[in-house]
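The structure appears below as structure tokens.
We call the chains A, B, C, D, E, F, G and H, going by the order they appear; numbering starts again at 1 in every chain.
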Amino acid sequence: MPENIDHLIGTVYFGLFALAALLCSAGLLMSRHPLNGAVYLIGVMLSISGIYALLGSPFLGVIQILVYAGAIMMLVVFVIMVLNQAQDHRVPRFDRYSILGALMPLALLAAVVQALHAQPMPVDPHALRGDIAAIAPAMFDLSAMPGHDGHGYYLLFELIGVLLLVAVVAAVMLAKRTLESTETPGGAMAEAHGATHDGH
Amino acid sequence: MAKVVARPNLTFWEKIYFVEIFKGLATTFGHAKKSLVEADHFKTLNYPDVPPDLPRDYRARHRLMKRPDGTPRCVACFMCSTACPARCINIVAEESPDHHIEKRPAKFEIDLLLCVFCGFCVEACPCDAIRMDTRQAVLAGDNRRDFVVGRERMMDWDPKDYPLEDIQSQKAPGGSLHAKALEEFKSGTYH
Amino acid sequence: MTAIDPFHVQLLAALLFTLGLMVVLARRNIFLVLMGVELMLNAVNLSFVGFSQQLPGAQSLWGQLTPLFTIAIAAAEACVGLAMVICITRGKDTVDSDAFADMKE
Amino acid sequence: MTFKPVPAAVTPDNSMGDAFITTRVDAVINWGRRNSLWPFPFGTACCAIEFMGVVSSMFDISRFGAELVRFSPRQADLIIIAGTVTYKQAPVLRRIYEQMCEPKWVISAGACATSGGFYDCYCTVPGIDEIIPVDIYIAGCPPRPEAFLEAIVQLQNKIERENRVEQKAVGA
Amino acid sequence: MDAPGTFATSAPASGPTPPGPTYFDTVYPLTVLILLGLAIPTLLMTVNIFASRWVHGTRNSNPGKLEPYESGLPVSVGSSGEKFSIRFYLIAMLFLAFDIEVAFLYPWAYQFKSGGWEMVWLLVVFLVLLEVGYLYLYKKGALDWE
Amino acid sequence: MTSVGGVPYHSSKNDIVDTAKPWMREAMKPGLTDEQLVSALQLFGLRRDTKDRWNLTLVLAAGDARSKLRDLVSFLRDDQSLRMNTLLDISAIDYLSYPNHRGPRFALVYLFKSLEFRHRVMIKVEVEEDDARLPSIHDLYRIADWTEREVWDQMGIVFTGHPNLKRILNHHEFVGHPLRKDYPCQKRQKLSINDPMVDQLEARLRELGYTVVESGEVHLGKPIAAKHQSAAEQGQVDRPRAKSEGAIGAGGL
Amino acid sequence: MSVIEWIQAHPYQIAGLILPIAIPLILFQVLPLLVLLERRGAGFIQDRAGPNRAYIPAPFIKRIRGFGIIYTMTDLVKLVFKENFVPPFAFKSFYWAAPAIPVATGLLTPALLPWFAPIPFVNSAHQLAWLNGTLITSNSGLLLLFALGSLTVYGVVLGSWSSNSKYSLLGGMRASAMMISYEVSMGLSVLGMLLIVGSFSLTDIVEWQGSHTWGIIVQPVGFALFLVSMFAECNRNPFDVAEGESEIVGGFHTEYAGVKFMMFMTGEYLHVLVASALLATIYCGGYQLLPIPGYDTAWVKANLGLVLAILLVPTGALLLFAASLVNGRRSHYAKTNSVDRDLRLREYGVYVAAFAGLGLMMLAGAVAAFMFLKTSSVGAPGRELLYPGWVNIVTAVVQFHIVIGKTLFFALIFIWVRWTLPRFRYDQIMALGWKVMLNIALVNLLVTAILAKAIK
Amino acid sequence: MKVLTRANEPQDLMTVNIGPSHPATHGTLRIFAALDGETIEAAACEMGYLHRGFEKMVEQGTYTMVLPYTDRLNYCSAMINNIGFCKAVEKMFNVTVPERCITLRVVLMELSRIIDHMVCVCTNLVDLGALTNFWYFFNTREEVYKIWEKLCGQRLTNTVTRIGGMYRDAYVGFEDDVRKVLTRIEASVAEVRGLVEHNKIFIDRTKDVCVVSAAEAISYGWTGPCLRASGVDRDLRKDEPYYGYETYQFDTVVGTTGDTFDRIMIRMYEILESVSICRQGLDRLKPGPVNTADARLSLPDRDHVYHDMEALINSFKLIYEGVRPPPGECYDAVEAANGELGFHIVSDGGTNPYRIKVRPPCFTQYAAFGGMLEGEMLADAAATLGSINIIAGELDR
């Protein structure tokens, strides 16, 4: 009984989220202005995070909102606003070639679905629920440190640090030229040379 | 010698914001506390319910003084309208039936929307016929025409409202004490 | 807990991936292209999580950790990618990806 | 216009009481509007300084719920023109008035705004009603803060009298 | 509805996590709240639309009203569609970097108690790496606004 | 404002230096007497203005003005004993209806003051009506930029060499110069729409060393209508002002 | 099983169904109070009366002015009937949606906060179950909270973008850049607390504070940082550059009117409320009464009478004090020659009576609770199940009020600070966030980590 | 707007109008600025939105009629304007007003200076976001207004002087009222200083913001507090004393840097100096006439007008013709709250002034404003505009 209700809820909500995700990504495909696209993409992210939660990895869902929807998309939105002239000027949003380009992936899709269909996909009943209580130990299982044995992603953790460092530096290097050009040597009011000769 | 404005040299405690913020909060809290606790700490006037308390000689709406017989004291001499920088006094003179007085105002209008309440008209009048001591300084309305006040409205006042209906004004030409005052003046006993 | 058919998850992931690819291929606006890439990454993540359910015990967490790192990488990608966009579009008035052809030089 | 030192503005009225009992929407709207007049202070000159006086503790415009001064015309219900309006300023005033959202009311404060005052010359607008319609005029140069309050009270009474049902009937 | 897990969670600090809550536990309040969050604004705005139409009619707009507010001036130069300072991008990028850092520190903080000093070292290395990037930006003046 | 004395307007933002010279903090030094001032300025051929019996006003005749004004002003500013480092104001006078006035129609009075010595001088420059031009001194005193604009706006005297001689008090659609005696006081001129001022901003940008590639697009709103309907309908607007002249006529003295 | 029977058999389940609706609605009730505090409080700080004239007519009192709270209603009425203005621009949907975002997130976040300690109960299957004080039970509740917070920014961004006005855009850029900047400090500053507690569930954090001590004592620096970040997140003075009136008119909501503008305002006050609640929860013990270890929920349950007395006495005293204040105003009015003097006197008289009566009732209740409510005989600490259900429920209600009380205290500080301080300049805010707060937060984190290990 | 910087880099500037109807610009000033992000790269200032034709209007009436117009020049301290104008006309007549009038004028000028500074400082603080200070100063200012209501029957536009004297003598109890208000002023200044002077937020907002060097200030012809903020110790009351200012004990206040902080603090200090001058003036206030006996200037006594033909005729003459200064041109200045307020009066010997040119102290400061802003932040525009105290009535006339 309750299991059934739960099952029903799970199915219904998965359906809702999946529908939302698909609609939003279709919206992204058709959007006239990148900001529209960005908002659609945020919709996709939120739906996917809901699906993560339904699939038993709430931590990932939260991170999805926090980082993807909250930070990455924020960056994208910011850049769209900073550049501010990102209107897609082409009046038909797609030309003939790009429609071809759009159709090609469909073939790929068919192949993938075909392959997936052939595969039985049993759910393992012992799969762990990926909330923070499970993820954190998995990530920092320090029994993997020298002298211990086990698994852990502590190295990856540090690697993320390196990655971020590299990304930040690279991004600044790229933007450096523009950054410097905006540093105008403004001045407070200069001394009025020659305007008044006040004693010397 | 000149005082020099000290440059702000903040101490460590001032630099970390919080101490000064607390001091500021204490100041504002002091005011809030007083306003709450002391019944008459804040001096807010309860305007429409409590009338404004203006000094008697506040430059407010004009009134025209009356002779003892109730006619306007004004002799239509145009001094006030000449002195008026806003040119808002409109007088039409006519012959006065009283042969002692040459003229009288057939029309005496002040456009209060033009008036700048400088009081020059009062100062100019040679017979104290126009005054601005009605204490009606709150003049608002939704129709322009209401603001053009004529002779009747300016004379529509009650002596009771002017308890100090001062002797001095009555000694002015047209006032009830004028004749007596004139005599005193000539005999040098005027005060 | 396990109400959802893994096949449906994979199907959704594949659909999303396809849509993302379509965006990348069909749209000219560089922002949309970048967002298409993000969408594809998301689809892959979803796929990971979907598959992770089929692994037992602690192994199931692998499939959930991988997207975590993918997100970090996506972030780095977005950082650098957008920096490039800014770098290039300055002085130009377009974000049409065709206009970036001269980047190769 | 009231000329008594105590304006007869606050005679306790029963209309509100009836309104509430009969729940006439109109009356509720008017009640809401008259007590929530957010002003846009279009202060240009000396009168604006006196308008600041209205905000001060002594007079305290906030008692009427009108202290939420909005500098965006979109959010304001009431524009108080305090000060001289010159021809250079006129298009600005007009534009701000246009940009205010309905319902909107105008108080024209002081000799200059209502009639140009004693600036009867080449550059001043002789009364802002050449540019925008005015609801309440205030005389004075500058008007006393009480006069601003009185104008608000009068405006409140005016709003009180607004009757949309009749207006609709007339309009249709 | 009588399942053992209904509305339940583990008592605070009472042993290992039991099987997680059911869908219903999370989904119900979330759904209610989201609906509430959507309903209140929607309701108010809808009322506003009809009230506005009823009270003011539909045509009270003039060309001036539709233009953006520019300190009351009827003239404006350029539009709001102009480019912004590149610094906003840098801020957002920095935010992204640190947000990810914080996001990865969350599991670390969760795990902190069960680890030993290694956890501290992990943090130190991680922070040093980030600090390098931060200092680089600092040097480059990306954090200054003038 | 162009560069002053060849130095770009801005120096570095960060060098906030205390530019105080010693005299700025001391009491004012006694200045020259009027006679000394007159003799110091002898070589410019100035004569003392008889109209001014309270201050020292020296007249620069219309013939000399064009050629000597700038030299005179620089001399006033730079001379060690004069140091008239402040230009207080330029006030323009239209002598059109001045009784018994002989000479050029306009005069400009430059008010100079020294902050170092306690002396002031006013230089009255005569300007002919049919050729109302004077050299600009905006590069000698920065304030002159705006005061000259004001004089031009109000009196219609052209300052040659001024970079931005535009109206300052009146609106940009104004025709005529209101302070001239022949401009009727009540001749109103309406403004339909405000000045976008792009040109001024661009000029300023250019002075600061920028090159304007593409100036902003100017949106002009709807010019305002002459008279608002509702006010006109109510007939509340046109009320003639009481005329004081009429009053005098009727009343008599 | 009839419906009534079912309801009787499942009181806790019913509560679980109702609470998600009830708690946000209760919070909505607090909003007018906040607005009142803001407007009237500002008045008192500035030595003036503040809004006090609008009234609702009522039979006996004649005019209910409610100390100005009526103005919240009039504002609502007015805004709802204000013209529905939408600027002509391509992004109309954003313009409509943007104001709803802060409201929606502001309504969601309270669901993650613990409003009372989990209530144990035995369900119909005779198993131990817990009714949680949070609406959404999650062991990463805090993260979800931050995630929602990061979504709030979109309201500002989209609203400013779609307004098509330069002031809006400037304000929106300012606001969003500021908010994301302080999100970093916020996340980092709270990490210290998290690693000490070792859990992301806010209930756990509060329970930890009950068994140890309040967060503000173990993490003072973290608290200060978090407080400042919260001010920035809420766009409140001294961080209110986004709507810095003297600079950019109204900021991101310059072009908003009517209900949509009200949404932004509601969102702002909701966020003040949520921020205050967060501060109270993470650093000030949430529903815990005292910052002393051992005086936790179990103690409260054991000494419910005492606790009630402790809480009721000051409340009653406060009400009596309020009555005396109102009486002071009343006698002040009695002396004036105001036209509406009699009306005011009558109204104030009613208030005085009401306050005094309530206050006295509270005091009496306190005495009664102290004398007659002896729960320690019924149960014992640590054996919660021995308590009868009403003890649990009373405790929950008491704890809910404690949280609300603390929240209001912090909200008051938000308001109080607004009327005291000048605002920062935009670049100073960014510098403060990125150069000062960030580094302090990192150092704080490091020191906390080291200390935590060293002490252990 | 697209530009190339000096380094020939392309840059996009956003143009934005600050004002005229903008909270920071008091409704009458317009700053058209090109922004890079938050930084103002270039600014063009416009004025004239309150150009009311003062100089044309005064030519239409008599000299006495000019007085109400002078009220409305700097409406924050109308009395200084009245006194300045009367002083200039009296200079043309070569008359000195009676001792009591002079002392009274000094007291009134200083009180006006105080409230002018108070309005300036508190509106400036409001622009900085510190709202409550507004009320703390305005409440005190209201008390000064109460005195003025009693003194001359108006709050703001006092028209308190007449050529050759005063509108009327001070009322009984004037001194006590002023003394009381002076204490109140000191208290509120102390309070506001307590709230801001050491507050780091305030200091960060104002210190080293929009610095104006002394040389620059001089070249722009600055006078008054703003010039003193730049470190030039010049004050007409000390340098060219009038009305016996040299006999009062007071200090001028100078700044060191010329930034917004100095400009605000100078005003705070000067309020205290003025309080001290006021006290000294009150000590010297002796009974006596307030108007000159010169029949060319003063209206005769009311009683005489009523009863004496000669006085009546004189009164007629003075009303119809006003005072008639000898033909000539005269410049005279007083130290107003903002700096040197000068009147350049041209008289043709007739009843109306031939030409009056006001030398408004604000004008010079506003002329410099655009340059001051460049390179500063948008928010500084509001903070600085407040600190240079632009009064549009006097700026645009």
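Just so we're on the same page, contacts are C-beta pairs under 8 Å (C-beta built on N, C-alpha and C of every residue); 3 or more make two chains touch, one makes a residue touch a chain.
The shown structure was predicted, so the numbers you read here are calculated from the model rather than taken from an experiment.
What chains, if any, are shared contacts of chain B and chain G?
The shared contacts of chain B and chain G, listed by label, come to D, H.
Count the touching C-beta pairs: is C-E or D-E ahead?
D-E
Could you work out which chain's C-alpha centre is the most distant one from the centre of chain F?
C
Approximately how many whole Å separate the CA-defined centres of chain C and chain G?
39
Just the number, please: Cα centre separation of chain F and chain H in whole Å.
21
How many angstrom between the C-alpha centroids of chain C and chain A?
7
Which whole number of Å gives the spacing of the CA centres of chain E and chain F?
Once rounded, the distance between the two centres reads 56 Å.
Which parts of chain G, given as residue numbers and ranges, touch two or more other chains?
If we look for residues of chain G contacting two or more partner chains, we find 43, 45-49, 79-83, 85, 138-140, 143, 150, 166-167, 169, 173, 177, 180, 183, 200, 245, 249, 254-255, 258, 339-340, 419-421, 426-427.
Going by the touch rule set out above, which residues of chain E reach two or more other chains?
1-3, 6, 17, 19-20, 22-23, 26, 52, 55-56, 60, 63-65, 67, 69-74, 76-79, 82-89, 91-97, 99-100, 104, 106, 108, 110, 114, 116, 119, 134, 145-146
By the touch rule stated above, which residues of chain F touch at least two different other chains?
Within chain F, the residues that touch at least two other chains are 4, 9-10, 13, 16-17, 19, 21, 24-25, 85, 115, 141-142, 169-171, 178, 183, 185, 193-195, 197-198, 201, 215-216, 221, 223-224, 236, 239, 241, 248.
In the complex, go through chain F and note every residue touching chain E.
Residue list for chain F touching chain E: 13, 193-198, 201, 215-224.
Per the contact definition, I'd like the list of chain G residues that touch chain E in the complex.
Chain G reaches chain E through residues 10, 12-13, 16-17, 19-21, 24, 79-85, 87-88, 96, 99-100, 103-108, 111, 118, 120, 123-125, 127, 129-132, 135-140, 143, 150, 163-169, 173, 177, 180-181, 183-184, 187-188, 191, 194-195, 198-201, 203-204, 207-208, 249, 254-255, 258-260, 262-263, 426-427, 430-431, 434-435, 438, 442, 445-446, 449-450, 452-453.
What part of chain C is in contact with chain A in the complex they form?
1-12, 14-23, 25-29, 31-32, 34-36, 38-39, 42, 45-46, 49-50, 52-58, 60-61, 64-65, 67-69, 71-76, 78-80, 82-87, 89-90, 93-96
Can you list the residues on chain H that touch chain G in the complex?
14, 16, 22-24, 35, 38, 125-132, 134-136, 139, 195-196, 199, 201-202, 204-205, 377-382
Within their complex, state which residues of chain E touch chain A.
Of all residues in chain E, those touching chain A are 1-3, 6, 17, 19-20, 22-24, 26-27, 81-97, 99-101, 103-104, 106-108, 110-111, 114-116, 118-119, 122, 125-126, 129-130, 132-134, 136-137, 140-142, 146.
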